[in-house]
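Next, two complexes with chain A in common: one pairs it with chain B, the other with chain C.
Up next, the complex of A and B:
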C-alpha cells in the first residue's frame, strides 16, 4: 500500500513527477555518456599500445621530421617512407636487442587500380612479433601469397577479392576492432606488398622512383632484451646510425595520452558540474514537493503513521522517480553513445574503443546506482524534515 | 478504556521573540470515559485544539501526562505511539484533510493500509460507513471533486474505520449546513452509544443537545 501510495502521489502530480524524472534522466545520461567516453578513450590508448607491440621503432630520419610515421600510426593518414635494408643489419648489432623485425609501408590510391585508398603494411612472417600474434586471434594460419588481413572498419569480408595496383588479393581475415588507425589498415606479407610496390612503380602511380622494393624497408620494430633498458638501446641506435631515428613508442603516444588526460578531465568536470547542479535542483524540487504536501503528511500522522513511515513514503517516491528517470537516461545515453562511436572517434581525433558488452553493462549499472543514489540522498533531506514534522503545530497552524 | 489528561500543559515559543513563551493550555485535568460524548467549546485561541492534539497523542505536552488506561502515551517510542493511535484513537481534524492522490474509498481505508493490507471486513465496514454517511456513490471519486460536507463525512469515516476506542473531532461541522451538521452529530452520538469515548471541539450551539457533558475552555483552562 505504501508503495502504491507513493506511485499514486507521483501520478497525481504528473508535471512535478515529469520534472523530477527528467532531472534524474539527465543526471544518468551525463554519467553514462561521460564514463563511456572516458572508458573508450582509455581502451583506445591501451589498444594502441598493444597494437604497436614494440618498445622501439626505427624509421628514416626524414619520416620523423615530417611527422609522417606518427600520422600514419596515430591519425590514420596514409603514406610511406623507406630506408636502406642494410640499416637492419647495423641496428641488429646494437647491444640489448631482443626482438627485431622490419615492416614495409605502402599507400593505395583511389584510382581505378585500387579497390580502396588505405594504408598497407607488410611484415616479415619470419621475424614479426607485433602483427602476427594479433592476426592469430582472427586467423590462425600462415598467410599465403596475395592473402591480406584487413582492419575492422574496412567494408569487405573474408573471401572477398580486393585489388591494389592491379594485384588481386584475397581477404583471409578481418581483424577485431581496435579503435585505432589500424582499423582502416591492410596487412600482408613482405612478398605480396613488394609485388604491389613493383606494380605501382610500373604504373607510375607513386613518387618513389628508383626505389628497389627488395633493397628497402620502412621501419624496424624492436623489443629489448633484459640486459639493457629501451632508453639505452634508443640512445645507442641514434648514436651509431645517423640517417635513421629510433623512437620509444611510449613517447610517441605520450601526446595521445596527454590529450586523453585533458579530455578525461573536461568530461570529469562536466559530469561533476551536472551532478552538483542536478543534485541541488533535485533537493529543491523534493523540498518544494514535500512542503506542498505538509498537511497531507500531517494527516498521515493523525491516522497513525510513524515518523519512519512518513520518511519511507518520501523515499519510496524518490526511489521510484530515480529508478524510472535513471533507466530512461541510461537507455538514451546508450542509444546515443553506442551507434555514434565512430562520430565520437572522429570528433576527438583519438583512439576510441567502446568497452565490451559486459563492461558497458557494469558502467550502466554504476550510472544507475549513482543517479538513483543522488536522488535518494537529496530526498533523504526532505524525508528527514518530514519525519520531524510537528503534526500538532501544522494542524494548529492550518486552523 | 478511559483516557485521562493529568495536569497537562502546553507552552509555545513565539517566533521572533527570543525565549518568550506563551501558555496555550495551562495545567489541566480531563477524563474521557467510554460511551460518553463530551463537547468542548470556547472562544478562538482558548486552547481547545491544542488540548485535543495533546490528548490524541499528536502533540507532547510541556508538562503532565496523558494516560490511555494505565499507559502513559508520551512515554512510548514514536513507533509504538503511532501504532496505538492507529488502532485505538480516531481523529477528525479541522479543515480539509484528504490525501488528494487517493480516491474517497482509498482515503477511508488508508488507516488500515498503513501497517498491512485492508482485509475484506475492513472493506465491508468502509462500505457500511460510506452508506451511513451518504457518500457511497462517491467511493471511486477523487477528493478534488467533493464538496466541503462530503469531504468532512469522508474524514469521519476515515477516523472510524479502525473502530477506535477514543474519537476526537475538531470542529467537525465547521463548514456544514444545518442538515449536515445534525447528521454528523447524530453519527458521533451513535458512535458514543456503541461504546467509544468521543470528544468534540466545536463552536456549534446545538452540539449541547447531543452531549453527555459540556466543557468550556477559557484562556487555556477548562471552566467547568
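Up next, the complex of A and C:
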C-alpha cells in the first residue's frame, strides 16, 4: 500500500518527479564520470610504469637536451636518436648491473613507402626484459624475420601485412591496451628494424647523419642487481660516460605523475562541489515539495494515517526518485565515458586506461549508492518535519 | 498512444538532425593530410554517414507529419535498419584511419554509434506504439 501510494504520488506530479529525477541523475552522472576519469588516469600511470619496465635508461646526451626521448616514450611523438654500440660494453662494466638490453628507434613516414607513420622500436630478443614479457601475454612464440608486434591502438590485425620503407612485415601479434603512447608503437626484432633502416637509406628517405645502422643503438635499458641501488648505478654511469646520460625512469614519469595528481585533485573538487550543490538543491526541492503538500498530509493524518506512514511515504518517494534518477545518470555516464575514452585521452594528453569491466561495475554501484543515499538523506529532513506535523494548525490554515 | 508515437518520432528526427549536422562539424572525420592534401578513408565514411543521415531526417519528418498510424509504423520500421547500417559504416563498411587515437576513431565513431543507437531505439518504440494502437483500434 505504501509503495503504491508513493508511486501514485510521483505519477500524480510528473513535473516535480521529473525535476527531482533530473537532479539525482546529474548527481550520479557527475560521480560516475569523475570516478571513471580518476580511475583511468591512475590505471594509465601504473600501466606506463609497468611498460617502461626498466629502472634506468641510458640515452645519447643530445637526446636528453632536446627532450626527444621523453616525447617519444611519454607523448607518443615519433623520432630517433643513436649512440655508438660500444657504449653498451662500457656501461655493462659498471658495477651493479643486473639486466641490460639495447633498443633501436626508427620513425616511419606518411609517404607511400610506409603503411602508417608510427614509432618503431627494435629490441634484441636475446637480452630484452621489458617488451617480451608483455608480448608473451598475446603471442608466445619467437618473432621471425619481418614479423612485427603492434600496439592496441593500431587499426590492423594479426596476419595483416604492413609496409615500412618498402619492407613487407607480417603482424604477428597485437598487444593489450596500455593507455600509453606504446599503444601506437610497432615493435620488432633488431634484424627487421635494421633492414628497414637500411631500406630507408637506400631509398634516400633518410640519412641518419651518416650512421651505420649496424654500429649504433638508441638506448640501453637497465635493471640493477641487488648489490647496488639504481641511484648509485645512474651516478656511476654518468660519471664514466660523458657522451651518454643515464636517467631513472621514475624521474622521467614524475612530471606525468604530478600532472595526474593535479587533474585528479581538480576532478575531486568538482565532484565534491557538484555533490554538495546537488545535495542542497535536493534538500530545498524536497522541503518545498513537502511544504506544498502539508494539507494533503494533514488530511491523510485525519483519515487515520500514522506519523510513521507519512514519513515512510516521503522516504519511499525519495528512494524511488533517487533510484530511477541515479540509474539514468549512471547509464548516461557510462554511455559517454566508455565510448569516448579515446577522446578523453587526447584531451587530457596523459596515460589513460579504462578500468576493467568488474571495476567499472563496482564504480557504478558505488555511484548509485552515493546518489541514492544523498537523495535519501536530504528527504529524511523533510520526512522528520512531516512526522511532526500539527494537523489542526494546518487544516485551520494558520500555517 | 498517438501522442507518444509522435514524441518518439520527433526524438528520432532530432537525433537524425544532430547526426547530420554533427558529422560535418563537431564530430567530423580527420582532416586531410597536411603534406599531400589527400583525404584519408575516414573522409568517405563521413560522407556516407552524412548522406544516410539526411535520409533519416526526411523519413522521421515524414513519420511525424503522417496521420495514418500504419504508415507511421512502416516509416519507423524502415528507420531501424537504416540507423543500424549507418552505425556500421565507420570502420566496418568503410575503414577508418590506422591509428585508433585519431579523431575519426576517438570522436566520430562513438558519436555516430551512440546517435544511431538512439535513433534505432526511438524508431523501434515508435513502430511498436503504432502497431499497438492499431491492435487496440
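Rule of thumb we're sticking to: the second predicted complex is superposed on the first by the 393 of 399 C-alpha atoms of A that agree within 3 Å, B and C clash if a C-alpha of one lies under 4 Å from a C-alpha of the other, contacts with A are read in each partner's own complex, and residues count from 1 in each chain.
Please note the rule applied: contacts are C-beta pairs under 8 Å (C-beta built on N, C-alpha and C of every residue); 3 or more make two chains touch, one makes a residue touch a chain.
These numbers come from a predicted model, not from an experiment.
On chain A, do chain B and chain C fit together or clash when superposed?
Superposition result for chain B and chain C: fit.
Quick one: classify A:345 as touching chain B (first), chain C (second), both or neither.
second
Touching A:304, do we find chain B (first), chain C (second), both, or neither?
first
After the superposition, just quote the angle formed at chain A by chain B and chain C, using C-alpha centres and rounding to the nearest 10°.
For this superposed arrangement the angle is about 70 degrees.
Which partner does A:5 contact after superposing on A: first (chain B), second (chain C), both, neither?
First partner only, chain B.
In the three-chain superposition, say which chain, chain B or chain C, touches more residues of chain A.
B
Report for A:118: first if it touches chain B alone, second if chain C alone, otherwise both or neither.
The second partner, chain C, only.
Between chain B and chain C, whom does A:296 touch in the aligned arrangement: first, second, both, or neither?
first
Aligned on chain A, what is the least Cα gap between chain B and chain C? Give it in whole Å.
Once the two complexes are overlaid, chain B and chain C approach no closer than 20 Å between C-alpha atoms.
Please name which positions on chain B make contact with chain A in the complex.
12, 49-50, 53-54, 56, 58-59, 78-79, 82-87, 89, 91, 93-95, 97-102, 106, 110-111, 113-115, 117-118, 158-159, 170
In their complex, what parts of chain C are in touch with chain A?
33, 35-36, 91, 95-101, 105-107, 109-111, 113-114
For the complex, which residues does chain A have touching chain B?
Of all residues in chain A, those touching chain B are 1-2, 5, 8-9, 11-13, 295-296, 298-309, 390-393, 395-396, 398-399.
If we count contacts the way the header does, which residues on chain A are in touch with chain C in the complex?
It comes out as residues 76, 110-111, 115-116, 118, 152-156, 183-184, 335, 339-343, 345-346.
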